[in-house]
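The same chain A turns up in both complexes below, where it pairs with chain B and then with chain C.
Then we have the complex of A and B:
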């Protein structure tokens, strides 16, 4: 059995033996997706299911005075009408970082959209009609909907201090704070010849998965429950349901249909404990299908305000960098404290800076609880740091590329110093230079246009555990059980490729099983672009385990000494030559047939005391270059070129790398150019839904868009790979911002950089400049 | 306990040619074509996201026109000829669908049936579409995985294939 606590270190390329790893193998499940046969949660039919709808109130902050459920009960088809008083008291609270989210709104409504009443009815229409009939009497309170309001001395407290009794910060709206520092900023900063100081903002944006999502819960005969939810972390959901309702893990079965887009928004449980309660209470299968509007009220990225002060030497070297970073996290913690600590940990960027001070806070507001979102805090803080670098470059007469060349760390150089330093695990200058080359940095910028280049970095997972089972069947087909949720990144395609090479099995003969806690072994989560590295290593180890077992049984069956046998990918090497592993397996299994079962585990222990719980298994590094044309009369921006280069280690499937890179890069255009959730004075979301909230379309893609990878086979995953799925949006905003500033002469410091903001910036600059 | 007891609307009988077969359904007058397809006729390949005509996930071809089925009433399809993703895929993966796979255009996939229907209509009505025309014609179909560039490539490849077959 392979060492299950293997250290994650670069395994290097396995050149010569690859047949399908590295090939553009088509997506697992692709045919079902193009023909409409793929079944997402709302496509699965359940016999005799009852339907759930919620009643909410049109404000972001209120005390619930009374609830009159009788009009709802009087509606046709109603099976149950439930609010906080109907749940076991005190109403359970749950959450991954703080147990602060109640199963249903309890005494208070803390954000617009928080469910107050849940109705179970025979049909979806009946459930909605009855939910509309429920009468909620409430007193609106002066909620806090922005940072200044939340941080004011007399601010309304989003969370009652009793929710976090032992917390020093519980009489404020600061949920958590963190400080990172090295060098001594105060002493020496003043002597830097060039100091740039400014404030930047990053909007709250929503994930907008094309599948808004939903939940189905069905009670089982043994007192347990089955939950269907398109979640990224089925095992976290299983644990949460077990904890909240005191059911043994073995009787909580989570079935996770492929998410129709996740992007971090489908990680943590929110409504599942409530739907489970409704199913247990009514004894019926209860089905909730969310609308897109409800998805807006379920998931978003935290907004951020960053005040930064940065010093540069005369030749453009960073001398110091100070930041106050405030994340707008919303009403409940979810994973937002982690977004704050992880995003600000790399807040100073991949640069060589002798003195850094970063103070970051996660600030509660009466808005939708924020959660993970591709990039996980790094794009927010990076927006400020990258913009500061460009401001410094402009002041010093350098360009975007040159200032980065002078400051970007070399391979294995520390970019985070102090007690828990972090070093570059890639040759990042190669990505920067490649991006410059692809956009034609050295050719003159066409007139009327501007160019910018930026870099971004994000720590991958800092702890992890993925377990996998692989079965090699008698007829030479194989199955892998791997708990990664396949939400568009194409994880199962990679497992298939690994099996094909390691066992020598045809791609067509491989089946991957995922999304069912009853049959698939434990996987911590599908997040932080970890799966290719963690689950990939587990699948690889399971294949090696199978080869070991084939070798041993072959020795026994043929009377060969084990010492005379060896195995390699797809083969058993015998004294009379190499034979296909599948053939050796058949010989070994003999007339009784049977199969081989291999197990693989990849575990990364954390590091006590480390601010992130451990050093990252790898870093995602990206360089993005953008060219824009700006209409000075209207402020409209036309993206003429968009280039991104990722430091990927090894491409296991180049086609999927391109899809993910382009997808992330275009998604990054959303928060850079057009997306922002807006709230009115009562905390209602103003642009709730697709008509008023715009995401990138076909027409928003740059006229010329290219992605590329740097492959140095230097990652800790199979064949030297690293995770890749977030890199291309880490620094989109910085590159767009630099390009716009280059085109119009003045930077915009608030995202999204809308036409209106550009127009105002041009107007103000003209007004200020002497005629 | 039917919907008509909820909303005093009448039920209407709908007869249409759906993917080449004549089908009959009786649905509440307010039911959308999308809901009729999914809930009454069991055709689940047509997807729902925004339900207000903004995302294209529910795209189908009604009487040779591309429509968002969430914006059309089931009753309006009465007497019509309707093609959905199931009908398009009746004989297996089409050339266009194969190009989607080859181009890496399919990520989570939930927008893809709508994208395929819109792309098919484009190829039928403007087989020589330029890249800009493709982008314009497809701009009503959102893809949050942002496979846009891959989809354009797939459409262009399918167009080339159809021209050489013609």
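Then we have the complex of A and C:
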């Protein structure tokens, strides 16, 4: 095994020497994002580009009988009209874990919005007009749009068994299933004084990035292709294009302009293989720019239904927790099986539970394929577990805080037991207590209001590889090549901060290069809040490599013994004292000038047999406390306070930590209070677009919102940091649900907790117990 | 594809509409029209932009007993006008919740009625003041009560060769009070789930304008005089009045929720109108 560590370990010793790390440096590119100056994919012009539009059908499940392309060909400006029969046969299928998604709809339409015909034309309008003219003859099939329909004995199969031939489950709509259990999992015989049993649902929601996205593909002179796509994983896209069209990696160049928001929705390739085919077929640069509506049909979070049965001791300790968890994953696998396994792995929460049984399934339906989304399955399952804890607390006369105090694991205590146990990597009670303090838990709840507190946990990356190159140039400026996609989270700013400290270079003299597979070394992906830890360590290592090289060349140039030299962040220590690294570098390089190039790698190896492929590099832990006022006549909820506290290790940039936490907290209000994709009986999305799919606005944010962090410098990333970008969304629903239940006396178990649902809950409770 | 023209006079507008043979659509703010055009980009619409027409009535004209709104009266002007806030408070309040600031800077009152959405925010308020609408076309001008203007969702009595030239809102007598209430799915920009404007005259007779509970915005008859100090009396009067509501279930709400909410909002609108402060709320 190489000398890289099996587990990532903290670089803590450097803590305390920072000048720029730890400062609230403003995000590079932030002003451009808010003024509109940033050049997103759709702002980039390409000479002589042709434009692509798709034809779709207004149902979620159909057999394609025939396609008449002649009306499309007859339209002005048309260059190509392509459907499945025009592709190399059999039509290629691709995917991360399951190669099930065809390049274009093949014989079947499996969800509303799946492209059936692609038109290439001289202008965008001409492409859309021609796509509109194509005639698709189809026979609607009895598609399955919800869990009950999909799991029925005679259900229509979303995927023909031939697509998954070696799969025991291929005669069902269950794509994958997993079971986690420890302790005596048969709880029937356990006498627990308080047992809570209920069913919870979590809606299908879409990522709603402000930039919907798009793709440009350009054939190159050497038979290769360049793909422009604002993706989170340029190297995955490169590999997919190479695999699907049998092109060597060296001739597939992916250029990824900074995405305008990703949230997990821009990880995996979808239409890129098709646009690449169109470019190769026509010899033209082909450009597709998606609408918001098309983005809805490209990305969503899996919905979820959880049946839970939980036992508590008299004093409120968890005795057992059983869950059947069904994820509504959609028509193709994407990374949904991983969402299911990872989300349900931590489904029992960060608690001390002697007996746990979790059975989870990823269920195919004729809906938009679900994919990664901030929280990665944890918010769905956590909604049920947190609600169960609160139901137990109400039954036992405890409050939200007290029941968590009694069950939350201590530092280094196992919360997942069995063969592959997982232990707390933080002091999570500190986050819980801080959240309670910030919301004023010890003070009486104002009249007419309700309060709730919840916790959430999400495993970070379990394997990973990030590589970086850093160049220290003669004039004291520097460049870092780091493949992390900066989609608004501020990755570039962090690399600049690390370079500034480690090389002693001014922030403004640093340039970050990313998003181009031809020039930037390999990075596995921008996901799972990994980048600060993984790429951060790689950048840090590259800076140390540069300091080593400066030391060696300085020794050679000045005739000093290497043993008499040492380096530290920003400095070379010589027998006559410390000098700035940049000055030492200039002396070392001499009259010919030149530069130093450092390389850094961060690799986390997995663990064979582990259900997640390895233990997480770190856990994101968050405590959220919410106070609401409920209008009992209308069911409307007013958030009066919203507090989140994350266990972050170390804040490399406190301003960016706050930004990420606030963003996540507000996003969490979406699925908690208002967001849901709704389908009609034919599988069409009925609230397709911004008018009837509502996301929170700043008017929907709590009157008082605060985020805070616990810093124990105990993470595996640079200076003891952990990843932080998802935490504040993990348990928003649980906290809102508990607060609403506290205010109205009865819980709502379906998300989103709309005014109408609250009104219905109050009305039904009044019916059941007339005053 | 849509074509575009920008006439300079009302008669040129009417000529453009006549030439469009039923495909003409008037553009002022465009906040509804552009959304419709985007939904059906290949419809052969003729967009007639009247922002440069020089003989339109003024945007807002306040007379002794009536406020007249021309086709260019924007929501931002209406919601910010102190005279309207004082004399037509339900109208001011309803204009204040249309869309967002950016939308209110473009959207017009006349456009709001011509779009003929059952959820049009300003219509319930316009109803309770007894507003009239004046159209002009090849046959000259005609004026009808606004109540008669709406036919169904998206449908009005404005002919394909006509334009709405004015909305007249009578200024109520002293002692008349009014307020507007609206329920939405979120606190930011949103379409109404249910909306209610209440007008209460000096004799304590209540008239309600109702949004989103029928194929068009609705207006009730006037109730008999109500004891406004008695909540039960208000509830009883409201119960009678809102019986004209025929809400449906849709993506925004179920029918039974709308039925319940129109009652809640109506009572609140009456109470808000008659509160000591003469309050305006939304």
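In the analysis below, the second predicted complex is superposed on the first by the 753 of 771 C-alpha atoms of A that agree within 3 Å, B and C clash if a C-alpha of one lies under 4 Å from a C-alpha of the other, contacts with A are read in each partner's own complex, and residues count from 1 in each chain.
Convention: contacts are C-beta pairs under 8 Å (C-beta built on N, C-alpha and C of every residue); 3 or more make two chains touch, one makes a residue touch a chain.
Everything numeric here is computed off the predicted structure, so don't read it as measured data.
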item: Touching partner for A:633 - first (chain B), second (chain C), both, neither; value: second
item: Partner chain(s) touched by A:65 [first = chain B, second = chain C, both, neither]; value: neither
item: Which superposed partner A:179 touches (first chain B, second chain C, both, neither); value: neither
item: First, second, both or neither for A:754, with chain B first and chain C second; value: second
item: Touching partner for A:413 - first (chain B), second (chain C), both, neither; value: neither
item: Partner chain(s) touched by A:37 [first = chain B, second = chain C, both, neither]; value: first
item: Chain B versus chain C as contact partner of A:125, first or second or both or neither; value: both
item: Which superposed partner A:697 touches (first chain B, second chain C, both, neither); value: both
item: Residues of chain A touched, compared between chain B and chain C (which is higher); value: B
item: Shared chain A contacts, counted only where both chain B and chain C touch the same residue; value: 125, 129, 691, 696-699
item: Footprint of chain A on chain C - complex, ascending; value: 1, 35, 41-42, 183, 185-191, 251-254, 257, 260-261, 264
item: Residues on chain A engaged by chain C in the complex (per definition of touch); value: 125, 128-129, 132, 633-634, 636, 673-674, 678, 686-687, 691-692, 694, 696-700, 754-756, 759-760, 763
item: Contacting residues of chain B [partner chain A, same complex]; value: 1, 3, 5-7, 38, 42, 44-52, 54-55, 57, 84-86, 89, 93, 97, 100-102, 104-113, 116, 134-136, 138-152
item: Footprint of chain B on chain A - complex, ascending; value: 24, 26-27, 29-40, 42-43, 45, 75-77, 122-123, 125-126, 129, 207-212, 258-263, 291-292, 487-490, 655-656, 658-660, 662-667, 689-691, 695-699, 701, 705
